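One chain, chain A, appears in both complexes that follow, with chain B as partner in the first and chain C in the second.
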Partner chain A sequence: MIEMAVFALLAVLTIVPAALVVTVKNIFHAALFLVLSLTGVAGFFAMLGADFLFVVQILLYAGGITVILLFVVLLSGSPKDWLIRQMNEQWLGALAASAVFVAVLAGLFQYLPGPESISAVGPTTELLGVLLLREMVLPFEAVSLVLLAALVGAVLFTRRGEGK
Partner chain B sequence: MSFQTPWAVLGPAVPSQTPEGIRRRYQRSVLLVLFLLGAVVLASVWLGEPAIRFEALMSRLSELVARKGWPWWVPDFVRLIVPCSLILIFVQLVPVFVLWWELKVAAHIQVRLGPMHVGLWHGWAQPLADGLKLLLKEDIVPAGADRWVHFLAPIVAFVPAYVCYAPIPFGADMAAADLDIGVLFVLGLSGLTVIGLLMAGWGSNNKYSALGGLRAAAQVVSYEVPRVISVLPVVMWAGSLSLSQIMAAQSGLWGGVIPKWFIFYPVIGQVSFLIYLICAVAETNRVPFDIAEAESELVSGFHTEYSGMKFAFFFMAEYAYVFLGSALGAVLFLGGAEPLPLMRWLPTYVVFFGKTMFLVFVFIWFRWTFPRLRVDRLMDFCWKFLLPWSLVNVLLAGLVFLVRWG
Partner chain C sequence: MTLQAYLLVGAALFVIGLFGVLARRNVLTVLMSIELIFNAANLNLVAFNRFAHPGQPWGQGFALFIIAIAAAEAVVGLALVLALYRNFRTVLTENFDLLKG
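On to the complex of A and B.
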């Protein structure tokens, strides 16, 4: 009962700001709604007992990436660029595509095994660490290499203008 | 008399300004301070461990509930509500005390007395008077402001501070929520405050505010990285992210003399502590890292357009974070509530507050000793000095672990 209420609250907190992100005209407001939506997702992690993912979601997405987004908004352009129409003529098609995607996902989720009980879930950090550094060490390192390559690439792209 | 005090220019000598008078006054002050400290220590020893007292009260409540036939959830509810309310009240009181402490320490560093009149004894009620003044002030919203963002910014800046106090162990078994991911929780959620600063910068519709918000964001996001990495060796050593387990890992003595606090681990401990301390000061946007407020350049940065209680919220958030950074530093590096040698009779929370207040003093000492850094120097210092050395520190810690247990 309480679980259902919390779930509903978090769902509203996630979906409504997410919809506002792509509809409000003010880019800064859109970025702030994105923070709210990502925090809602973090709330889902907390509710499902994934404590590590909850904090990482807050640390990286709500506290890191969106701060950089807000930063870029403040730095970019003149005030008239901050108020733009976010949608073009294809919004109806995009809406239909998203609806189909949601329907397919909802259909798929019926065949997934559900968690036995939410209250039985314990701390996950240690399990996650052991999993990442023992069985999954190769994919983990591969992902970190890809991220490193992306980082070096980003530096390379931003440096190009300086050399000329 | 040939001796002249610096303030003799103010008028004829009154008895308290002659050398004997000054000596007598100092003796009286020292005695008073010693008496107050003794009274606090005695009272705390008499009170004992709050966790044990609370448990006794709770068991009595459970009995009462069973006898009177009250609903089953009453004890659980009380167990939930009491620590939360205590934390809420505590976070309100922390800025009051730290502000007075800062006023007095700052004054004495600058060879003056600071507030002396409000509250009759060394101006102890000055922060309360300041708070009352801020409450009564007019709340001004700029005409061109983004009203909602301007209104919500102080709240977004302050609320994470409340939440971050939840996993702090104020003594043995005194964490409101002993989370398995305590360290990450505090470091992660305290990062949310910067969104409030950015909102203030945008919502005020003022170029100084916007610049202050920008600088705050750049600074906090940058210093977050070495701060988290500097904590890693501690986490590696304790084998846990839970603050109470990190505290427990630091109990005991080496050779019966040196406490096993993390700061006493050779090289690695000291380097991590220094990096942590610098980053913690930088995260609170205080001098020498206060480019986000920089009065001489930006009026007062992101809170230029704030007045009254909204300004007070930014102010309280800063002091709440000063205390939080000190408390976290005390738990991670100074053994938290682990007692000092020869002082095992002290209740754990007194030990914890002693260590934390020492670190708060270091924060204030920093502020009134160093000049402000330039923006680019600040970024260079973070990315080109702190980050590489914190990484080297982690590698070194890993090497030690490999040699010892590899």
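On to the complex of A and C.
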């Protein structure tokens, strides 16, 4: 009963701000709504027993990425740019495509297996750490290289071209 | 809660993100919608992990990698948006038409 209530609350906290992100006119507000929606997803991670992902989601998504996003919102354009029309001419087609996708997904849901009995929620941080440094060690090293490349790429793209 | 409930939330997030990518004019909100899609995928992975393979954190490990890649994507994407704004003085997608014949 309590679980159902928490789930409903988190679903509202996730989906309503997400819908506002793509419909609201002011992109600064859209970025702030994105924080709310990502926090809702973090709550789902906690419900699913993914404690480490819960912390990472709050720290990295709701904290890090949205702060960079807000910085770029403020650096690219003045507040009067936030008041123009935000939907393009294809928004009706986009709505139709999304509706078709919803219909396809709804048709697929009946083929899913029914609810199963699941074990109790336990902490998974230790399991995840062992997995990352044992079976997944190669992707782990590869992703550190990707992050380094992203760092260098960001610096490269944003520096002002000198002497041009 | 059942697996279907979590997948429904993931599907809703994905469709909202899809609509945002297709219909928004501002490149920044397109990036925000992409973040929503990433989160839908993560939610599905963790839900499948919990219900189909409890005790084996492979789905969570995958979600962790997706978060890392999403962070890299956001940083590079936002740097590109800044460079575009510096050159074109606009962040609206219909104005980036240098390759248009």
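Criterion: the second predicted complex is superposed on the first by the 139 of 164 C-alpha atoms of A that agree within 3 Å, B and C clash if a C-alpha of one lies under 4 Å from a C-alpha of the other, contacts with A are read in each partner's own complex, and residues count from 1 in each chain.
Keep this in mind: contacts are C-beta pairs under 8 Å (C-beta built on N, C-alpha and C of every residue); 3 or more make two chains touch, one makes a residue touch a chain.
On a predicted model such as this, the values are computed, not experimentally measured, just so you know.
**Student:** After the alignment on chain A, I want to confirm one thing: do chain B and chain C clash, or do they fit together?
**Tutor:** Here the two partners, once superposed via chain A, fit next to each other without clashing.
**Student:** In the superposed arrangement, does A:Val55 touch chain B (first), chain C (second), both or neither?
**Tutor:** first
**Student:** Looking at the overlay, what does A:Gly64 touch: chain B (first), chain C (second), both, or neither?
**Tutor:** both
**Student:** Based on the superposed arrangement, let me know which partner A:Val102 touches: chain B (first), chain C (second), both, or neither?
**Tutor:** Only chain C is touched by A:Val102; chain B is not.
**Student:** Is A:Leu75 touching anything from chain B or chain C once the two structures are fitted on A? First, second, both or neither.
**Tutor:** both
**Student:** Which of the two, chain B or chain C, is in touch with more residues of chain A?
**Tutor:** Of the two chains, more chain A residues are contacted by C.
**Student:** After the superposition on A, what does A:Thr14 contact: first (chain B), second (chain C), both or neither?
**Tutor:** Second partner only, chain C.
**Student:** Determine, under the contact definition given at the top, whether A:Leu32 touches first (chain B), second (chain C), both, or neither.
**Tutor:** first
**Student:** Nearest approach of chain B to chain C by C-alpha atoms in the superposition, in Å, rounded to an integer.
**Tutor:** Scanning every C-alpha pair, the shortest chain B to chain C distance is 14 Å.
**Student:** Considering each complex separately, which residues of chain A are in contact with chain B in the first and with chain C in the second?
**Tutor:** 52, 56, 64, 68, 71, 73, 75
**Student:** What does chain B use to touch chain A in their complex?
**Tutor:** It is residues 146, 149, 179-181, 184-185, 187-189, 191-192, 194-195, 198-199, 201-202, 210, 213-214, 217-218, 220-221, 224, 241 of chain B that touch chain A.
**Student:** Quick check: in the complex, which residue numbers of chain A touch chain B?
**Tutor:** 26, 28-29, 32, 35, 51-52, 55-56, 58-59, 62-64, 66-68, 70-71, 73-75, 123, 125
**Student:** Along chain C, where are the residues that touch chain A in the complex?
**Tutor:** Per the stated touch rule, the residues are 1-9, 11-20, 22-26, 28-29, 31-33, 35-36, 39, 42-43, 46-47, 49-51, 54-58, 60-61, 63-65, 67-76, 78-83, 85-86, 91, 93-94.
**Student:** What part of chain A is in contact with chain C in the complex they form?
**Tutor:** Those in contact with chain C are residues 3-4, 7, 11, 14-15, 18-19, 21-22, 27, 30-31, 34, 37-38, 41, 44-45, 47-50, 52-53, 56-57, 60-61, 64-65, 68-69, 71-73, 75-77, 81, 85-88, 90-91, 93-95, 97-98, 101-102, 105, 109, 112-116, 118-119, 124, 127-128, 131-132, 136, 139, 143, 146-147, 149-151, 153-155, 157-158, 160.
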